[in-house]
Amino acid sequence: MLKIEELYVSYGPVEAIHGISIEVKEKEIVSILGSNGAGKSTILKTISGILKPKKGVITLNNKVINDLDPSQIVKMGVTHIPEGRHIFPNLTIKENLILGGYFLKENEVKKQMDYVTTIFPILKERLNSKAGSLSGGEQQMLVIGRGLMSKPKLLLLDEPSLGLSPKLVSTIFETLKTLNQNESLPILLVEQNAKKALQISDRSYILVNGKIVLSGKSEDLIEKEEVKKLYLGR
Amino acid sequence: MILLNLLIRGLITGAIYSLTSMGIVLILSTTLVMNFAQGDMGMLLAYFAFFMLARQIPYPVVFVIVILIGILLGFLFEKYLMSRARKTSHLGMVMITLALTMIFEGFVGYTFSTMPLLFPKAISGDPLQIFGVIIDKHDLFTFIVSIIIVIVLFIILYKTKIGIAARSLAEDEFGARILGIPINSIYLFIWMAAFAIAGVSGILVAGRQTLEPHFMVVIQLKGFMAAVLGGMNSIIGSVLGGFLLGMIENLVSFYIPQIKDSFSLILIVLVLLFLPQGIFGKREVRRA
Amino acid sequence: MIFLLKIENLTVEFGNLIAVNNFNMEVKEGEIHALIGPNGAGKTTVFNAIYNFVNYKGNIFFLDYNLKKISTYNLVNIGLSRTYQNLSLFPTLNVIENIQLGLYRKLKSNFIKDIFGFDVFKSKGVTEKIQEVLTLLNLTQYIYYYPSFLPYGTQKLVELGRAIISNPKLLLLDEPAAGLNTEEKIYFREILRKLRDKGITLLIVEHDMELIMDISDYITVMSFGNKISEGKPLEIANDKNVIEAYLGEA
Amino acid sequence: MKKFIPYILLILVLFLPLILRETPSIIGYLNLVMIYGISAQGLNLLLGIGGQISLGHAAFMAIGGYTSAIFVVHYNFPFIIALIISIVVSAIFGLIVGFPSLRLKGFYLAIATMALGNVVGDVLRRMSITGGDQGFRNIPTFDLFGFELESYSSKFYLILFFFLLTYFISRNFIKSKSGKSLIAMRDSEVGALSVGVNISNAKLLAFILASVFAGLSGVLYAHDISYLHPSNFALPLSINLLAITIIGGLGTLWGPILASLFWIFLPLIIGSKLELLSSVIFGIVVILVVLFLPRGLSEIIFRIERNLKKVNGI
């Protein structure tokens, strides 16, 4: 459903992405792996319309979305869950969720909020407290929950494991897997936690310095020596 | 009895301050811009109102028209100036609001002369006497209007989607953008609302004193102070801050008249230094 | 003096998040010591504690100084210097001025000299010192450029130059290789070796495992605010805890 | 070629009183341009170099002007001594006003300085030694060791001397170690801290310098105009000085004088009929500069310099 062809992106004068092609098919979880500064987040920001590509084409269900605003892209069903939380700490959890479903109708907001709070029950208990009072892991759940409010057809997920304990990471990844299987929700995942990402994804791309150096089925990649080397230097 | 009189008078003065400080805080808490033009926008709109009233247009109609002009000016201001300045620098944005004060004061001085003009009150007639306290009808009206505006603003900001989105902008603009929130329209809405409030405060303040190009400068300064007292980040805090400032000023100028001019100014510096979140402001929740 | 830097029971909390948890670590004089761990493990927070940018429990000793009692701006005087993950260059000063400022505390001046245009950065010995650093980092051709017009890797070199010109005893580097291309990384590796040979002790936070395994003498691994392992590179590479933390097997 | 331009300009300026002897009032205006230029240069050091905002800069001018006037009129001090005292008083006052800057940032600092500026006005209005709300009248002109400067052109040379002095000082200061420490603080506080800049001292230094420049400018104003009133140094002047600094270009040396020239002569150019409109035009210029010339008017000088370089093939 999402297709990226020969994408080049610059951050100011510096080119960060040098001609990559990525595809996400229906019902798939695809991960982009790579170290800090490899350009993973840049790709997601370009898909969601925050950054504009210098060259290349991004299509969603065969429609070119290169020049659309973030709000138009969200309306088309693409939700980007950014790295580093980006919650609104002084707004309540409820208000955070309402903003996630900005384009929904009043009654749909309620329904969707019920749905999200069944996935993350911890949010239900504290709907009226400020988001900033949540712990790191709870905040990550809020960010994902907020992203799900818009009834996405494609989820772009940036480093959901960042700064979380292994146990919480497992919980979150299980949730993602369930979402993918039960709702057939395709997910494009950007991760540093290579093993976890390889475990839950169908296919993966490995990004080094803005270029894809390896790609293929995750189950094949996980066995490769090169992958181990990239992550442990041996 | 004197004390009660002073306090009631303080509340009325406070209502004037809070009208301006609400506008300032509305802008500040959503766009992080210190709006120095809030007062003078009110001054400009009061002049428009004066000339409409002079043409025998009824007060209520003028009141509504002024609000509409405020909305229109807010729209133009955001659309053609602020949205561009946002791309340059924060200081640039503040500077533009300062430039507006020069433009408005110069324009009014040139077009309408700097002579003080007598501006009609919303409600004229003999003052009311309630429990022995003498209250001017216009002042009472001002008080009620400022309460109504704060309630309306509160409902918009806390109960509507557009208001919640407006509050999210100051927290994390990137976060709002990535959720697809149409931030440009939200900015438009905020400035339209702020300048509409400016119009209301302009007319009401002008009714208590005379109309001249600088009549809002002091009020604007007091508005800033009320905002500081209220904590800069909450609309309700800014209104309470306005009332408190009004009462303190009335008490001080009665009991210790020697220091009445500088007292509130010093108070503000002290509050800024030692109570940065103001008296009513809630502490910001910091992200871990 | 065996240990140059000694961190004792360091705990840093942000609200209800414990960023660093009862962390201990020692850096020996003359070594390249790497501090590694997944994102959010608390490595930069350790640096920020050393620099008094965050409140912490526990103690940090450098030489005979308890760093809690030393203002950040005095650290350079006792021989500490650092670079930042997101660079902290002065964008409106050119490369040579940026590097000159590294000598800020070494050069004495007074107001009268200042306003009569006496340039302490051009006094005897200083020019040579600056030239030496510029040559070492191969920056001579860029001295009149403003940082933002230079490639990211070159900007990192400028920041490094600013940090080393004060002859620090201990240099803290926060992700020196992040955002560099392969060529620049190789160059950086050479420079880090040269610095060690000049007698500067290095404490490096870094993600690039290849670089770390290659140059470091000793490695401390953090995960989730805790120290999970430490040792020589070879030991670390085969440590089960580390492999789990890195490949994310919970 | 480029090297000589400042000298040619300087010689031209030195002969201005001769060139303009038919219209001495122009010289009078030029005196004001330089006076406000000195004050704006101070604000430029504070905001453009040190990154600290002040909306009470005019109050610093008032402090200088009133101090000198009081000592000369009420205590019969010679002008030069009064000038030195005023500068010391200004420095102390700058230090006091600078303290909030250690805790406050951005618009909070703007409000605090605005409030302190207003306090100065209120206090001056209430004191009797300052003439209160009547204003301080009949301040004698500059008295240099018995020579009283009466004509516009004689004042011109004295003010020009101080103007060049402050220009010289700020030019050298910006290039000096202390100057660069302020720039470093403005550009990156963590960077400045790690090279050893004491941020508190740097901020206070910026305020002291700004205050001394403004104080000097106030002294010159007092003896040039011979009349002071608190309302002349109220918020509008502070805003205008801020606008002058920004129009001129933050952190540049030529900016303040260019913008001050523009500000003083604008009402003259558009004529007395439209004089009230000058603040409208000035405001519009501020907006245009913010939107289209982020580096201010001195951007134009940069461009000329660049073109000259091209011509000379440097």
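We just call them A, B, C and D in the order they show up, numbering each chain from 1.
Keep in mind that, in the parts below, a contact is a pair of C-beta atoms (placed from the backbone, for glycine too) under 8 Å apart; a residue touches a chain by one contact, two chains touch by 3 or more.
These numbers come from a predicted model, not from an experiment.
*Asks:* Comparing A-C against C-D, which pair counts more contacting C-beta pairs?
*Replies:* C-D
*Asks:* Tell me which chain's centre, taken as the mean of its C-alpha atoms, is farthest from chain A.
*Replies:* Relative to chain A, the chain whose C-alpha centre sits farthest away is D.
*Asks:* Take the average of all CA coordinates in chain A, do the same for chain D, and state the distance between these two points in whole angstrom.
*Replies:* 53
*Asks:* Just how far, in Å, is the C-alpha centre of chain D from the one of chain C?
*Replies:* Those two chain centres are 42 Å apart.
*Asks:* Please compute the C-alpha centroid of chain A, do the same for chain C, then give the distance between them in whole Å.
*Replies:* Distance between chain centres: 32 Å.
*Asks:* Roughly how many whole angstrom separate the Cα centroids of chain A and chain B?
*Replies:* 42
*Asks:* What parts of chain D, by residue number, touch at least two of the other chains?
*Replies:* Residue numbers touching two or more other chains: none in chain D.
*Asks:* When you check chain A against every other chain, which residues touch at least two of them?
*Replies:* Those would be 132-133, 136.
*Asks:* Touching at least two other chains at once: which residues of chain C meet that condition?
*Replies:* Each of 15-17 in chain C touches at least two other chains.
*Asks:* Looking at the complex, which residues from chain B come into contact with chain D?
*Replies:* Interface residues on the chain B side: 28, 34, 36, 81, 84-85, 88-92, 94-96, 98-103, 105-107, 109-110, 114, 217, 221, 224-225, 228, 232, 258, 261-262, 265-266, 268-269, 272-273, 276.
*Asks:* If we count contacts the way the header does, which residues on chain A are in touch with chain B in the complex?
*Replies:* Residues of chain A touching chain B: 48, 50, 70-75, 80, 82, 85-91, 95, 98-100, 102-103, 130-133, 136, 146, 150.
*Asks:* Looking at the complex, which residues from chain C come into contact with chain D?
*Replies:* Those residues of chain C that touch chain D are 51, 53, 71-77, 81-82, 84, 88-93, 97, 100-102, 104-105, 107, 109, 111, 113-121, 162-163, 166.
*Asks:* Please name which positions on chain B make contact with chain A in the complex.
*Replies:* 161, 164-165, 167-168, 171-172, 174-182, 233, 284-288
*Asks:* Under the stated contact criterion, what part of chain D meets chain C in this complex?
*Replies:* 168-169, 171-173, 175-181, 183-184, 186-188, 190-199, 251
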